[in-house]
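Each of the next two complexes has chain A plus one other chain: chain B in the first, chain C in the second.
Moving on, here comes the complex of A and B:
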């Protein structure tokens, strides 16, 4: 709360300890602000409240007031008399009110939790040794806290289907399901694709997709993330790796300018899954399914993993010096990418300056239909980075016909390509064969196959850096796994090329150093240090670029108002 | 109407002559052998006169009469109907809905169907008066799926009433319009819970809503203010308008006004339904007098006083305490007055008015096993304690009555019941927990003796309820 602003928060008392919360905060969040946890299954901060798991029962009371006089009722010692609600209430559906008292640790509350835990476990299979959720399972966690330690249940457990295919990417184990309905609510409320529901009644209730429907929307894997138990599993991740072995690294989804915050789970240099990371300003707790498969490019068959000159493997120094020779003193054109990090784009600009003569610079625009959620129309994660760093001045076109013309006219000797396949953007192989190509990229493609010099690059998972999303929010990503053997680490490809070209002052190949360099060069970054960018990102001023007709439409937490006014003007 | 026309697919409904102790108001026409339930017959007995009378009053006055009458809901909870109407959120500006809860499904209850089958226009008139009083935009009768005849009868009756201008547009030539629609449920007990009913009426699974915030009077059908009343309650509205709230309040006793239809079933000579003035007769009179007493040679073992979810009363038990009036009481089962408050004072409830008599010919564990099987089957499965607890209790009692009882089962059952009651979204939690809690508490000896019983002695060994 900034100073001068009126504090509208209200005091409540969690186990007699006062905490101030915003009006309308539910008790699960309010208690969390007091540093305590109310265990829960069905409640999810980004979904509607249904209150069906009953795990979050707490005792609640309000200070009493005399009905006749309206005076507060007092105990003998003068303290306000609390009228406790006779039955426990669910914290998720109870909103904080001024003076409210909550007991989260009383014997009754503990007994309630133990009761619910026991009920949830009576028909729950003992699958933990083979269950993918084990290790991040709420049922396991709260069973540790509130479980009986032994079972009073000697009857037959219910038998339900163990593997039901709900959709191409989601598998259901009905026995594990605790019927919290999070997945159903997610499909209705967030994905807006209501295909899930319950059939049958009571303890025999089973989750199912409606007849003739399947859970196939591009957000289906979020149901796996929010499933508090191991009922919904990802067909991709299923039985691949125990979650406690996974190293978790903060990353960013690179499939569009939304820049969903993600966590990359890897073990011993191999990525096993990508899950969303909560950022209420960007993606809440969701991400598209398409972004979760991107890690597969790391070990793709066509991965470019060695420096080479005309197909002959060589060392990086040799590749760099030939590249510098081809670039220096020739008519050069540069093709950058909206998929490069801010640091790489900036260094590419410095490379351009080191080459001299103001070589024309192109960026390949990628647009698609925005889904109004977490996939925006601009499918480059970092178009705004390229603009901020000065690599380009205008929004990129979908194709490189201008470049193709330039080549056809014989105006280009050397083409420096960073991270793009030009044949996919309107330049033919024949045209490419007329020029010398220095190719920097992560994968082999038709452009690299005709390149003179190939410089292998790192994927987003193998380096650290930043992207600037559609909100002009600078977001950091960290290195999850090492790059291919022999490939220079971090930003070394760019800094080494810059040195070889004689780019003046040397820049150490780490994002922090590049940011120190940029802060004097890019006005929007003047006050920003790499180290200071928080996990949720940092929004920079976009006033300089207000005139640009960015293609994004409205989505989660993004409304292109400025773009609208420009279009209307 | 088709029945009068000898529709062969429609059964005839038997009628009973009044017992001298009965006071028939609701059933006055319905049980008359000369009354065939058609609109003509109903009008011939002054039917829809009260609707006309109500339309001569203001809606507020009708509400006030109902409030003054003190009439309490006949569905189970016994909440004053006039009070319920007062809670209606009228400031929201949203349309108001009226729903008649005809999802009569509490085991042992068979009163509403008598009204619907034999005197549908009484319900329709009561509903239209209520609709006018609360200025409802649309009214529904939510009838349970198992009453196909009732649904047909109501449909035909509504058509007849519509033709006469009692239902639909410009009722009785006024500028008030309200249509009435019969909606058949999907055969689930939980649809009788008012918010579950509303969900079902909206076309969803009958998952009861959490209260707060979804009180029907504010956020009911389609999130609009809604009144849900029982069939018998709505019929009473007609008689309240007829005689005036003050006069109605003189029937019965203070706080327990009007008559109630009691449904007597179980081990009695003459089970049936009896309309009695509240508080003017006792359970003893109902069982021994109106019901003709127990079967010869049998002894009373227990009475469930208000539908199978009510807490059981054991024969020989004494109930002592003080009434709200301050008067001390010391009752046996036979002495408990038939009203709302007395069974509650005795630690149970009058519920839906279903009195189930259990004699000594059955083992009490089997009775509970039967009840548990019902509630486990009918748990909607939305919230954890009821969903898992009801099935667990059913499995335990099912095992007990098939020869697998253990001494510790009694304590286990009681503990499961304690873990359910008061912790669920709707009252089904209590409905499934109360029988177990009360049976085990009051028949602890029988439950523990079950462990020692020779497995062959169980009558229903094949009745394994898993």
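Moving on, here comes the complex of A and C:
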């Protein structure tokens, strides 16, 4: 914030307490800045304001001014006279104005909330024991905090459709719906796929998908996140685990270079769901559905979980020493991955330096069609990390025919592959069989099956580190669950290999230590410590790479600097 | 330290004969011989269990044979020694109790951990778990003492449902206040 913006802030009075807010802030956010809460259902900071839940009613008043003279009206004791609006107003649709007074705890406001809660609960089923939202349900929370505490309703509740399938990933329970319309607005405004709407009137109002349509877009599960009650539930997470058991860990979505901020919910080493984490600079409060299923790779059938030499299980030290023998003094080629963390890519570069002789290094590029939102064209989460750390100096290609050529010519004895399946990148199995392969990766694949040494690696959920997204924003992710039994912790695979190769100074296998090393090596990271990277990430200078034609098109909070050039190319 | 000599009274004739002592002792013996016994011949005879006794936790079914547990996992959450383990599951849509939607796929109580505190019974919103009158649990292996769902239902039997919440729900779906 610059000085000029600081001056523009306006004073308002929340329960007689002065707080300065930006002009245009609505009262829900303004009151939140005063450290108080205005309960609300339909209001969502990233959606338009409709004001149909009526839960955020507050009393509002402005200091009076004499119409004739324009002088401030004063009470007998000389304090400014507040002209209170005779009826409560909804805080979400009221913007703060200079000198505005707000009452959030007056008897009238309390009575309003009790009334609204009572109406919302009239037709709400007593489903909490079987409802997936229980524990993170706004209706439960506000019923306890602001509700009447008992029911006067003796009539029969309305019956509405339950267990309705809205789309492949979303289930709807209409009885639980409180008609906040957040999901409808999300589909219209963010997903740009308007398929939801209300039918019928009054207490029979029902949320449905339009006839012949279904909620199937790649952002559909965000409606589940923003649903304040359990009306919309995820078919994947439905009835799997109660939310109060889940340990929440900050993570990053690895499916593209957008790097959506996520929260991983796990219990006892098993991941149950991935939800978006708010970051106003990257993904607001959204994430694509495709990124939420990525946790399944942790317990996949083909997970690589043991160190082995030619298929024979062995200890990590044995695997490392054989790997070092295969790498040292031979003609080596290295294949890195844009899915490795920045730290791993840097350590791989150090491994390359320890091998010596400047072995050719490749990275497997992955591109897809960007959707202009939170799925970019570059499907590697960390291509920029590889470039920043000096592992590669040009953009990766999807097809490694240069490497295939090199192998075919017999120019390679040993191939160090970190986390990629080369048969998917244009190198044939027969070609791979001609070289000795040291494979580090999370899963079995065609490359690992012909590898001499297999070194099991950790998925993004099992280690801490950083990724650099399309904005050159360094974002941290934390370890959510422990890795498979027997796999070395954190960055140990790389640091041990480095030690075995005789890489000089030993590096402790933690991201903070690797960052301490990197800050001297990578100019962009010179002033950055791992510990200092905030939750929202830290943008580094990209001037050195302005010449590279990155494939990403515009998306949320991202406008490629070279858009014209790419379009022209 | 000064010593004090305590004078010892000489015993009377009756005391010296021991007879009064023997008689009073026999009186106690006789009295107990003809009183009804206070002990139980335990394995053959069983004590009366007072209401509210906290015995082995069990799962119960309602009079229609529907399992009452909906696997909300509140007992698992509240259990102080973490003896309860539940894997929630979904009731298939064609089942008779499909309107309940959720039932436990597996329900385990580790009786080696259970401390019979009764918090699970207290917290259950569906009145599905009860500490009943079984007080003696034995087994020959650890696995045997981890009670599974079928064993818990066998021990629990049927208890009347005083709310009929789900029956009311089903009848409302069939008749009352329909959506058009």
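Here is the rule we use: the second predicted complex is superposed on the first by the 555 of 569 C-alpha atoms of A that agree within 3 Å, B and C clash if a C-alpha of one lies under 4 Å from a C-alpha of the other, contacts with A are read in each partner's own complex, and residues count from 1 in each chain.
Criterion: a residue touches a chain if its C-beta (ideal position, glycine included) is under 8 Å from a C-beta of that chain, and two chains touch if they have at least 3 such contacts.
Since this is a predicted model, take the numbers as computed values, not measurements.
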| item | value |
| --- | --- |
| Chain B versus chain C as contact partner of A:512, first or second or both or neither | neither |
| Which of chain B and chain C A:156 touches, first, second, both or neither | both |
| Which of chain B and chain C A:179 touches, first, second, both or neither | first |
| First, second, both or neither for A:118, with chain B first and chain C second | first |
| Contacts of A:74 with chain B and chain C, given as first, second, both or neither | neither |
| More chain A residues in contact - chain B or chain C | B |
| Which of chain B and chain C A:204 touches, first, second, both or neither | both |
| Partner chain(s) touched by A:90 [first = chain B, second = chain C, both, neither] | first |
| Intersection of the chain A residues that touch chain B with those that touch chain C | 155-156, 158, 200, 204 |
| Residue ranges of chain B in contact with chain A within the complex | 188, 205, 207, 210, 212-213, 376-385, 387-392, 395-396, 399, 412, 418-420, 422-425, 466 |
| Residues of chain C defined as touching chain A within the complex | 70-74, 76-77, 88-90, 93, 99-102, 125-126, 165, 169, 172-173, 176-180 |
| Chain B-touching residues of chain A, taken from the complex the two chains share | 49-55, 57, 87-88, 90, 93-94, 111-112, 115-116, 118-120, 122-123, 152-153, 155-156, 158, 178-179, 197-198, 200-205 |
| Footprint of chain C on chain A - complex, ascending | 125-126, 128-130, 134, 155-163, 200, 204, 206, 238-242, 244-245 |
